[in-house]
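Here subunit A shows up in two complexes: once beside subunit B, once beside subunit C.
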Partner chain A sequence: MGDHRARPGRLKRIAHSVGLKLIRDPAGAVVRFLERGAPGRLLLRLIRSLVRWFRSVRWRSWSFVAPALLLIGFFLVYPTVVTIARSFFGRGIDLFGPNVEFVGLTNWKYVFTSPIMLTALRNNALWAVLFTGCTVGFGLVLAVMLDRVKYEKFVKSIIFIPAAISGVGVAVIWKFVYAFRPAHIDQIGILNAIVVALGGQPVGWLLERPWVNNILLIVVGIWMWTGFCMVILSAAYKNIPKPLLEAARIDGANEWRVFRNIILPLLAPTAAVVATTMVVQVLKIFDIIYVMTNGNFDTEVIANRMYKEAFLFNNYGRSSAIAVVLLILVVPFMIMNIRRFAKQEGGR
Partner chain B sequence: MAEVTLENVTKRFGDFTAVKELTMEIEDGKFTVLVGPSGCGKTTTLRMVAGLEEITEGDIKIGERVVNRVPPKDRDIAMVFQNYALYPHMDVFNNMAFGLKLRKTPKAQIRERVHEAADLLGITDKLKSKPRELSGGQRQRVAVGRAIVRNPKVFLFDEPLSNLDAKLRVQMRTELEQLHHKLQTTTIYVTHDQVEAMTLGDRIAVMKDGVVQQYAPPQETYDHPNNQFVAGFIGSPAMNLLPAQAASENGRTVLSSAGFRIALPEARSKQTLPSSVVLGVRPEDLDGPAPDAEGTITLTVSVTEQLGHSLLVYGNLDETQIVASLDPHRRVEIDSTIHLTVNLDTLHVFDPESQETLL
Partner chain C sequence: MNRRKLIAKTPLHVTILVFAAIWIIPTLGLLITSFRDPTNIAGTGWWTVFPKLFSGGQYSLENYIGVLSGQSLGQSFLNSLIISVPATAISTFIASFAAFGFAWMRFNGRKVLFMLVVGLMVIPLQMTFIPVLPIYKKLQLAGTFPGIWLAHTAYGLPLTTYLVHNFMAGIPKDLFDSASIDGASPFMTFWRIVIPISVPALASVFIFQFLWIWNDLLVALIYLSARPNVAPLTLSIANLVTNRGQDWELLTAAAFVSMALPLVVFFSLQRYFVRGILAGSVKG
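Let's look at the complex of A and B:
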C-alpha cells in the first residue's frame, strides 16, 4: 500500500496500459474475453463445472472415502475378479501366462463331480451341522449354567483357553490324544491308552473312515470354539435383566420354562450371529485338517483341497474355482450377519 | 387369599444383616406397606416372601403353610417389579397370559381373564402391542394386569411407582387403591415414599436397619410414633426435632432451651423425664398467633414457601432449622420475628439416647 501511495504516477500508467478493468475486476475481464468466441465459451463451461465440483460436498465426501475404496479395490475387488476369471483357465502357476490355456468349464466340472471334491463338500456339510450345532449349543448351555457357579470367571477362562491357541497347536495336541500304536507297543495317545487299559484293542482313530475320523476331527473343532461361543452368549445372557427371570419364576415357570420361554427367545438374535460366525468358520476350516490328516482317509475339506490344488499341484485354475465356490457359500451368511448387525445398530 | 406371617425372619448376606428377627403378621385382605430409607431391608423382606431370596433364619407362612423351602412358582403369589420386568419378546396379551398358560388354564378362560383385567386397567386397545411401544404408565398397568389375572393369594409390589413421573404416580396410586378395594387381595407393598405409604396402607411397617420400628395403621404412626426415627420419617415436611432441657415445676413438666420455654399441662406432664430430651413438634402444630400462650417459640424467618394450601416458614433456632406450616393467608416477611404457638396436645418428647418416645 505504502508503495502505491509513494509512486501513484507509475500505478496509473500500468492501469492504463493493461486496462483499468483488469485491475479492478480481473476475473470479469477474463470471462468477458473468453465469451467472445465459441472455444472460449466451451473452456468457460468446463472451468465452471470443475469449480462447482470442487465446491460441492460430494467431492469432499469422495475424498474421504477414496483411500478406503482404493485399498478395497486393490486388495479385494481386483483379486476376486481375477480369481473368477482364472477359474476358467488351466494348470500353471502364472495367472494368465503363455502356458496357461482357456479350459471353459472343466475346472467347474471337477469341483462338482470329482469324488474328492464331493467328499470335501460332504465333509463341510457334516462340519456345518455338527460343529455349529455343538459349539452354539454347548456355548449356550455353559453360558447359562456357569452363571450360577461360584468360580464362574475361572471356569470360563479355562473353557475359553483353546480359542486362544493357534489352530495348528490345537491340531498337534489332539493328534497326540488320538495317537495310535500297534497293539504290542505302549500307547502314547490318551484315548487308546484308556481303551487298552480297559482291555480293548487300540484303534486307529483317524483311519476309521468315513464317520469316526471325521467326527473326531469335528470334536477338535468343537473343543476349540465352544469357549468363544460361550463367552459371547454369556455376555448376552448377563444383559438380560434378572427381574425378568424372577417375574417368570413367580408367574409359575420352572427353570426349564424360564430357559425355554424367556432366556432362549431373548438370546436368539445373539445365538444367530454366533451360529453364522461358526458356519463361516466351518467353510474355511483348514488348519485342523491340514495338520491331523491332510485330508486323507476321506477327511478332505474344501479349503484344504483348494490349498493342495494351488500349492502342491500348481493347478491355479482348479484352485480358483474352489475358492469361488467358498466365496459363494459364504456370501449368504455374511449378508445375514450384516443385516442383523445393521438392524441392531439401527435400533439404538 | 391368605394372611402372611413372618416369624423371627433374619436375612444375612455374608457379614451384613439385612433383616433382623422380623416378626410380623399381615392380615388377610389387608394392604400392608413396608416403608423406610434405602438399605433398610424392606425389599429383601418382600423378596423373601416372594421366594426370590433364601431365608437365613425364621419362618414365613402364607396361610397355614410354611413356605421357606417352597419355590416362587408354587407360592401362588404375584409380584410387580420396579422396572416392570415385562417380557420384551411377548405382546401385552401374552405377557399377561404367560402365568395362566403355565398353569394350563383353558384357552377360552385365559382370553376371558386377560380381557377382564385389561378392561379394568384400560389397556384393552394395547393387547397386541409389544412392551417397548408402551409408555411408562401403560407398562406399569400391564405389570399390574399380569399380577391380577392369576388371582393369586398375595400381591407383592416392589416400588412399582418410582419410575413414573410425579403426576402419573399420583394417578396410579389412586388406581392401585381402587384396585385393592375391588379385589381385596392381601397385598405387601414396598416403597421409600412415606406419602405412598400413608395413602395406600391399611397398616404400614416403618423399617430401619433391618428392624421394624413401628407396625401400625398410618394415622397411628403419624399421631403416636414409637420413636424419633418414625417421627422424623412419617410426615412431610418432617417433624421438627429440638434438643431441650426438661424440668418439673409445680407438678408440670417444663421444656426449655435458649429459644423457648414450654410448660406442659398437668395431664401431659411426667415426673420421670431425663434432664435432657428431644422435643418433637410437627410443622402444622406450630400454627398459633397468640404470643402469650403457654408455649411459644420465637423465630426469625429466613425463608418462606407458599404452597397454596399452607405457608411453610423456615427459621433457625440455635443452629436447628425449624419449619412451620401456617395459614397460607397469613403475611410473613423474611427477617421478621414471629411467635409460633406449640400445640401442647400433640407435641412429642424423645429420649436422645435410645430415641424412644417418652411422651
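Let's look at the complex of A and C:
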C-alpha cells in the first residue's frame, strides 16, 4: 500500500495542473481558507473537537440502549418536564394551542385549598398509613405462621390470587361483597347478610362517609396486595438460618420473644423495602376507586382527581398540578431506589 | 406430647383458617354468582346454593353467553390479547438489549443513564398523559393498537430493563472474554450467548409484564377510550359497572372472564411469576 500521493491518478494530476485545489482536496482548501482569520480558526477548533467527540462515542455500545432510551425519553422524560411546566399554565391541552396562558400559582392554590383536593390528600394519607401497615403486617404474620404448617403452599396460593387479577376485577368482587338492599328484602351482599343475621340493619357501606366507606375501600386494597408482601417476606424468612431460632428456643425464649428479638430485626430490611413499594403503590391508587365509587361520597384520591380534572372537565393545567403532587410525593422513593442501586453497584 | 403440640398449635391453625376464608369467600361468591340464574341472583344470596351445592339446574352458562356476545366482551377479550401480547414482546425485547448494554458495554454516561432508568421505575404515569395525548391525536395514534403498544412498552421499560439487568450483570465475565477471543462481535455475543442463558429471567419478566398490561385500566382509559371497539376487558368492565351497576349476572360473569387468563397463567407458571416478584423487590 503506502505512498499513493506520490503517484496521483490521471484525473487528480489534471486537477492539480489546472490548480483546482478545491476539487482535489476540498476539505484541505476549506481548512486553509478558515485558518486565515481568527473566527475561522475558532470555528475550526470547534468542528475538530466535535469530530473527535463523534469518533470517541462508542456507537456500537449506544445502539444497545438507544431504542429504550428513545422510548423512555419520549414517553417519560419529556412529558414529565412539560407537565411540571403546564402546572403553571391555563386549561388548554396543547402547550402551543389556545387557553394556555400563564396563570402563576392558580392551579397550585386549587391543589392545596379546594375542599375536594383536601379530601383527596387526606384520603391518600389514610390509605398510606392503613394500607401499608396492614399489607406489610399481615404479610409478615402470614409468612411466619405459614412456615409452621404443612398446607403452606395451598394457603399461600389462595392469599396470592388477588395479586394476579386486575384492580377492576377486584373492585367488582368487593362491590358485590358490599352490596346493599333495603331491609325488607333478602340481602345479596355477604357483609350485609352477616350484619342482618346478627340482628342489625343493612348498611349502604360505600355511602357511609367519610370513615366507613374509605376504610372499606382500603380493605379492598389490602386484600389485593397482602399476598405480594407475604411472598417476598416469606422468601426472606426462609433465608434465616433455623439453628439460630432453635438456639434461642433452647435458651428458654418463648415464641413471641423469638419473633420480637430475632425474626423481626432480621426481616426489617426486607420489610422496609416492601413497605416503600406499598407506599408508592398506594399513592397512585386508582382502579379500585374509579370502579367502586369514582371518588364520590368523600372517597376521592389524588390519581382519580387528576384523571377527572383532565379527561372529564378538560382542565389540563389544573390536572398537571395534581399530577405533579404525585410526583413530589414519589420523589423521595425515587432517590431511595437510586441510592440503593448505587450501593449495590459499588459492591460489585 | 403429640396432643399437647396439637392443642398448642390450634390458635395458629384457626388464625390461618380465618385468613384463608377472608381471601377465598369474596372470589367464591363471584364465581358461584356468575353461574346462577339472574332472578335467583337478585332474589337470594349466593351462599344459599350451599345446602344443595351440587344439584344441577341452578347453574347455567347463560350469563357468560350474555356478556361474551350481548355485551361484546368476546371482542374485548381479543382486544386484551392483541394489546398485551405484542406490547409485552416488544418491551421484553427492547429491555433485554438495553439491559445488556447497561450491564456489559462501556460508554460515556452509562451510570447516569441507568440511574435515570432506576429512578423512573416509580414515576407516576399521571405525569406523562397530558403532553403525550395531543401528540398522539396529531399522529392519529390515539385509539389504535400500535399507539398503546408503544405506550405500554415505554412505561414498562424502566422496570423490565432493571430486572433483566440484575440478571445479566450476574453472568460470569469469563463467558464474554472467551467469546471475544473467538472474535464474536458484541451483537453476536448478546444473541448467541446472553439471550439463551437469560431465558428463565426473560420468562419471569415476560409473565410479570404480560399480567401488568392485561390488568391495566389507566393506560387504556387514556389512550383507547375514544374508540369502544378497541377497548380491552378492564375498560369494558369498568364501563359496564358504570352503566349496569346492579346487573350482577353481567358483572360477575364479566369479571370472571377477565380473571380467567391471569388465573391460568398464575397457576401454571407460579414459579416464574414469584421469581419475577422476588427479583424486583428484594435484590440488593
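Rule of thumb we're sticking to: the second predicted complex is superposed on the first by the 264 of 348 C-alpha atoms of A that agree within 3 Å, B and C clash if a C-alpha of one lies under 4 Å from a C-alpha of the other, contacts with A are read in each partner's own complex, and residues count from 1 in each chain.
Note that in this section a contact is a pair of C-beta atoms (placed from the backbone, for glycine too) under 8 Å apart; a residue touches a chain by one contact, two chains touch by 3 or more.
The structure displayed is predicted, hence computed values, not measured ones.
For A:Lys284, decide between first (touching subunit B), second (touching subunit C), both and neither.
Touch status of A:Lys284: second partner only.
Figure out whether A:Gly221 sits in contact with subunit B (first) or subunit C (second), or with both, or with neither.
In the superposition, A:Gly221 touches no partner, neither subunit B nor subunit C.
So, does A:Gly295 touch the first partner subunit B, the second partner subunit C, both, or neither?
neither
In the superposed model, does subunit B or subunit C contact more residues of subunit A?
If we count touched residues of subunit A for both partners, the winner is C.
Should A:Ala253 be classified as contacting the first partner (subunit B), the second (subunit C), both, or neither?
Once the two structures are laid over each other on A, A:Ala253 reaches subunit B alone.
After the superposition on A, what does A:Ile93 contact: first (subunit B), second (subunit C), both or neither?
After superposition on chain A, A:Ile93 lies in contact with subunit C alone.
First (subunit B), second (subunit C), both or neither: which does A:Val172 touch?
second
For A:Leu327, using the defined touch cut-off, is the partner it touches subunit B, subunit C, both, or neither? Pick first, second, both or neither.
The answer is second: A:Leu327 touches subunit C but not subunit B.
Please name which positions on subunit C make contact with subunit A in the complex.
Going through subunit C, the ones touching subunit A are 9, 12-13, 15-16, 19-20, 22-27, 29-30, 33, 41-47, 94-95, 97-98, 100-102, 105-108, 110-111, 113-134, 150-151, 153-155, 157-158, 161, 169, 185-187, 190, 211, 214-218, 221-222, 225, 233-234, 237-238, 241-242, 245, 248, 251-252, 254-256, 258-259, 262-263, 265-267, 270, 273-274, 277-278, 281-284.
Where on subunit A does subunit C make contact in their complex?
On the subunit A side, the touching residues are 56-58, 60-65, 67-69, 71-72, 74-80, 82-83, 86, 93-95, 97, 138, 142, 145-146, 148-149, 155, 157-162, 164-169, 171-177, 179, 186-190, 193, 223, 227-228, 231-232, 235-236, 270, 273-274, 277, 280, 283-284, 286-287, 290-291, 294, 303, 306-307, 310-311, 316, 319-320, 322-324, 326-327, 330, 333-335, 337-338, 340-345, 348.
Could you list, by residue number, the parts of subunit B that touch subunit A in their complex?
Touching subunit A from subunit B are residues 50-52, 71-73, 75, 77-79, 81-83, 85-89, 98-99, 102-103, 146, 150.
If you look only at subunit A, which of its residues touch subunit B in the complex?
Within the complex, subunit A contacts subunit B at residues 241, 243-244, 246-254, 257, 261-262, 265-266.
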